[in-house]
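Okay, so subunit A shows up in both of these, paired with subunit B first and subunit C after.
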Partner chain A sequence: MNAKIQVVLCKCCSEMPKLLNIARLEKLASESGNVLSVMTLDGLCDGKELTQIVAEARAKEIDRAIVLACQKKDVSPALIKAYRRAGVNEYLVGIVNIREEVVLPHTAEPERAQTKAETKLLAAIARSRLLQPLERSSEDMKTRNVVIVGGGVAGQAAAREAAKYGVHTIILEKTGKSITAPGVVMPRARLIGGKGYGGNFELRIKVGESVEDLGAASIVVASGGGWATLKGALAKTVKGALPLYEFYQKLQLDQVPAGTVVFMDTPDPAGKTLKVQDFAWDDTLETAIELKKKRPDTAVFVVFQEMRASGLSELAYKEAAEIGVKFVRYDRSATPKVDPKDPTVLTVKDLSQGEVLKIKLGAMVFASIPASQDNQIIAEALRIPMSPDGGIRRGSIQRGPVSTPKPGVFVCGSALFPKSRDVAAAEGEAAGKMAGEFAARGSIEYGGIVAQVTQEKCSACLTCVRTCPYEAPFIGTATKAEIRVQACQGCGMCVGICPSKAIELLNYTDDQIMTESKTLLGGDF
Partner chain B sequence: MTEPRPKIVGFCCERHGMDAVVLAARSGKQFEVSVRLVQVPCTGRVDGMHILRSLEEGADAVFVLGCLEKNCYYDTGSIEGRKRVGYVKQMLSELGLEKERVEMFNAASSNSWVFPEIVAKMVEVVRKFGPVGGEKR
Partner chain C sequence: MIVAKRKPLNEIAEMLAPYKKVTIIGCRSCVAICLAGGEKEVKMLVSALKIKNKRDGRKQQIEGTVVERQCEKEWVQEIEDEILDSDVTLSMACSLGAQTIGDMYPKHLTFPGLNTGIFGVPEEQGVWSENCVGCGNCIIHTTGGICPIARCAKSMLNGPCGGSANRKCEVNLEVDCAWSAIYDRLKLQNRLDLIESVTPAKDWSASHSGGRRVIVREDAKLTQHQKKGKGVT
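Moving on to the complex of A and B:
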């Protein structure tokens, strides 16, 4: 094994020399085995000095590098490009975060910080010797289809935005209503199954009574809320209970029943069956104002636990209060009640006034929307997680607010949790952009840091198959586990859990991790 | 004679975990020097063996830092990590070691105060129980 390592020390704009002795670090690096070149630069983020690195790496025929700088994300893209020019594999460039792990947090103890930095350097060199070069490959997408599940506000917005990327949008709408959106609109179509990975999905859809297959590059879930269902104790007792959107339609047609109108957040204030915390407050306020303007004599109440009108809709709150909409705040200790014997009176304790109000009900309107019942089928078909409320759960916020944990599947609108039309449309646009951009790439890149199975050790126990959130491991024809590299995200969950230790994560093998921790424990600081 | 320095190993996920460390450092927080961070792609990658081997090689306490469970980059990664840590804890108590020496933590990348608190907690654990193996070592 003849590793040729280059060590690059970044001074991080003179932050590093203030605390650490650069000369000692350089000496230590040049004295360790396999290190052929040691360079000190003023600032890597500048980019000017990258040419120097390339020249040096070429001259000494370097094949791996260690960079002592700041966070991986901040240095990597430009640096890795530079190293690629010098013929160094990108997975052999190790970045040691010396700035945030040593320089910034240990300013009071320079001596110990110096030892820590030296130990970290040694650990990185030890690990670097064990790394192996990895390659990325790419696979062409079979189609440029962006399939949008649901043709509501969010779905239509998504189709409009995705179409701008020159991809083919297909809206699956479960009802037969007409939709104006670019691309294909399939009425009475539902998603019932699917397999594949981001870029090459094979979906199974039901159109009318026939079942068809549909290829997709990316998917937008815009299934909306469960508009037709209204669960909860209050909805059952009160006769004139309506969801907000239905009331809005009636208001447009002037069919609103006479009498006091109460807008309430949820039909289940005790929160036993409905845990939804975000309500369509923007729309509630708008509707309340419209109602009050149309019929100034009608008493309008808004009963809520927590009001979260987003952005400029806060102004609607003020406007509503000025034209005489009454706001009543309650909390969980004293929830609003309707006596089943007299279901026309709502009893609620106003928190701000401290008095108990008895409101004679004309109509009762709920801002909360239960999650769509189709979510279950969609989540099972695409194998994406659901939230406890029955909505689709979004992935980590680092992947983006409209992404699911699965690459290539995006989610928007009330499929996540109930929200107003404006917010749903905005989310639809975001999801459409993401999905369109994803499909327009035309090919998927994969490989690099992925899991690998040593088939002799595998006992086909299915533990990896059950653990992986991306369905990368599967049992192949040899009745041993195999990894679908296109789907593998390189998290290593299957590696840690494999009882036979048959799976390894490339460049994060047990040996590499434990060598690093061992070397780090060797230093005295 | 000075107090022996605690040796603490932290297995830290590259996503929210590492970001929390970086944010803590960038917002000027100071923490104990003797923390040794090992980066793993996800806390689900951490194996019981990694933790036990660290303890064997001289660590006094080991922690695993991952994403928040509902906000994990790899969806179920930090839940898997927690399971792994729980398994090691059980093993430690069977071995007669204090199970508090191994702990799982979650952090969001926007929480700058979390990481220094975690380090302080682990230092406290080492102060309380002393080095692994006590005086025999």
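Moving on to the complex of A and C:
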């Protein structure tokens, strides 16, 4: 292969020229095979010097590039755009993060920094030689349907917001209750199955007794939550144990019994199943504060093993502590107990103080409760993961609070876990916006770094089919695995587990990874 | 399928330690599918051994390759050079593959890289259960499709025994009682009368007790004439 590589060194951060011998790096690069152009620039971020890169890349007919720079967000898109102008495929532009990985950690050791920079440069060149240009394609969505599963508070909010994007909203409501929402409302309709991928889902729904197919560009799961009975050792022993949301309602109606109130993570502290979602902690803290403010004389405890409030709710720790809510952390090895003979006293060892507390219980409130039974069916139909306490699992609380790991499927309200109406409505609006925007795009982009099957090696063992969270691999008519490229997210899970090495991730092939690793670490392995 | 499990790295390294040139041979059939000895496992073992050798300061040349089915001579023959060029061959197939290489090249050393375990079904990814022991005389039509020879600790033909409690086996409370399962299945099939009929002692001559077993399909065998035509004797 005749790779024509350009190496660009960015001096932007002032530490780099002070610490590293730029001339030596330039020499090393220019003496490497396939490197036709070496440029040192003052700073890539301001964009002015990108024109120089383009001109040089064009003049030397460069087809791939390695840029030693930093990981600043605006650097790589601008670079890729510039290289595209020079006719370089975006998948052949590699950035070596010289600032965060070399300059900053080794400020006091110039020699180590130099060696590391040189090794990383050589490894990047070695890998670059083996890379293939990749393309992305697009596919039109067959429908503009946004299907919303559930017509409660969250589902209605989702429909209102999605409709603003000019898409066609369809609410599947399992009951026969009348719902005012834009688009179509299908009463007595349930989601029972589905296939496809974000942009082109084919859903199977049951309306009354008949089964129908329904296309969807995107989906909002707003199936609500169940107010299931508490399960777990403590809930069984303590009389009047309550789930958080029931307690919250009682608090609004001033029906909370007198005496000490203990908020606890789970009624099954020794078990493995019930975990507390982060949002439940937000609500626990808010409820504890509200209770303490309403009834300052009531002793309020929050007993937990591990607590995590999200975002600004972290301020609630401080506020709660300031108004006298007591926090007690316990350890898994000494879980809180209630003596069945005297179920009004909770014994807990405070991890921070080391002392054993005996708390006389007025009410005991648990943050974790099992979610709706419907979630299981919906999760199986859409092949999306569930959280340990039976809700639908969101992607990431920070980056995708209403997204599921599957592109095009969004989730909101009590389907995540039971919550108050206002929070459910807010989440519904967010999920509706996401789903509306997704469907309004009209087409999906796919390709680039995706999995690829070498069919001669495949023994149709189904391991990839079982492993992929996006349903990209399937066994085709030739009884060999194939990849549904539109669904492939390039995560590499099938590649890692394939026992026959029949699947590779484009531009992360074994050969490319091993060549890079061997240059980095030296030697043969 | 035949389900096997790779031997621990240290055991393999110790086996191979005295030899300078090692060829590791995987198999694309059963052991690949049960994630024990396919191309991926071979490549990983080659890398692991090289890293270990580097750490232990041992010089050894290690190559890895994989054949379609190691229990068949024609496939093994394709890599004859790689086998004979090494001091020792580590087979990453089931013991059938290892013995095929051993029988073909008796002077050459062939060691097992896997422990061959069971005829298993994948219950879920990564979990295989033994449902057949190859007794040579199948009776599952009378036991609701569940094999008591493989799935009952005592291989009882008339069960359950007195040690069965709450659908579990007395040998290990994690293990389901096969005869409880047989009872449930027969009940489901409305054939509970079968559990009351006594099955006489089994003819075990088709099982391993009679020494090495050979299955022959006369009509498929090649004649001497045909073998000669193919250059096989």
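Here, the second predicted complex is superposed on the first by the 369 of 525 C-alpha atoms of A that agree within 3 Å, B and C clash if a C-alpha of one lies under 4 Å from a C-alpha of the other, contacts with A are read in each partner's own complex, and residues count from 1 in each chain.
Heads up, the rule we're going with is that a residue touches a chain if its C-beta (ideal position, glycine included) is under 8 Å from a C-beta of that chain, and two chains touch if they have at least 3 such contacts.
Since the model is a prediction, treat every value here as computed from it, not as a measurement.
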Partner chain(s) touched by A:419 [first = subunit B, second = subunit C, both, neither]: neither
Touched partner set for A:524, first subunit B, second subunit C, both or neither: both
Partner chain in contact with A:489 - subunit B first, subunit C second, else both or neither: first
First, second, both or neither for A:510, with subunit B first and subunit C second: both
Partner chain in contact with A:397 - subunit B first, subunit C second, else both or neither: first
Subunit A residues touched by each partner, larger count belonging to subunit B or subunit C: B
First, second, both or neither for A:466, with subunit B first and subunit C second: second
Contacts of A:144 with subunit B and subunit C, given as first, second, both or neither: neither
Which of subunit B and subunit C A:174 touches, first, second, both or neither: neither
Which of subunit B and subunit C A:64 touches, first, second, both or neither: neither
Common ground on subunit A, meaning residues reached by subunit C in one complex and by subunit B in the other: 467, 497, 510, 524-525
List of subunit B residues in touch with subunit A within their complex: 5, 7, 9, 14-16, 18-19, 21-22, 24-26, 28-31, 33-34, 36-38, 40-42, 44-47, 49-50, 53-54, 57-59, 67, 70-77, 80, 84, 109
Residue ranges of subunit A in contact with subunit C within the complex: 457, 459, 461, 463, 466-467, 497-501, 510, 523-525
Residues on subunit A engaged by subunit B in the complex (per definition of touch): 70-72, 97, 99-101, 104-109, 112-113, 116, 119, 385, 393, 395-399, 405, 449, 467, 469, 489-493, 495-497, 505, 508, 510, 513-514, 516-518, 520-521, 524-525
Residues of subunit C that touch subunit A when the two form their complex: 28-29, 32-35, 38-41, 43, 47, 50-51, 54, 125
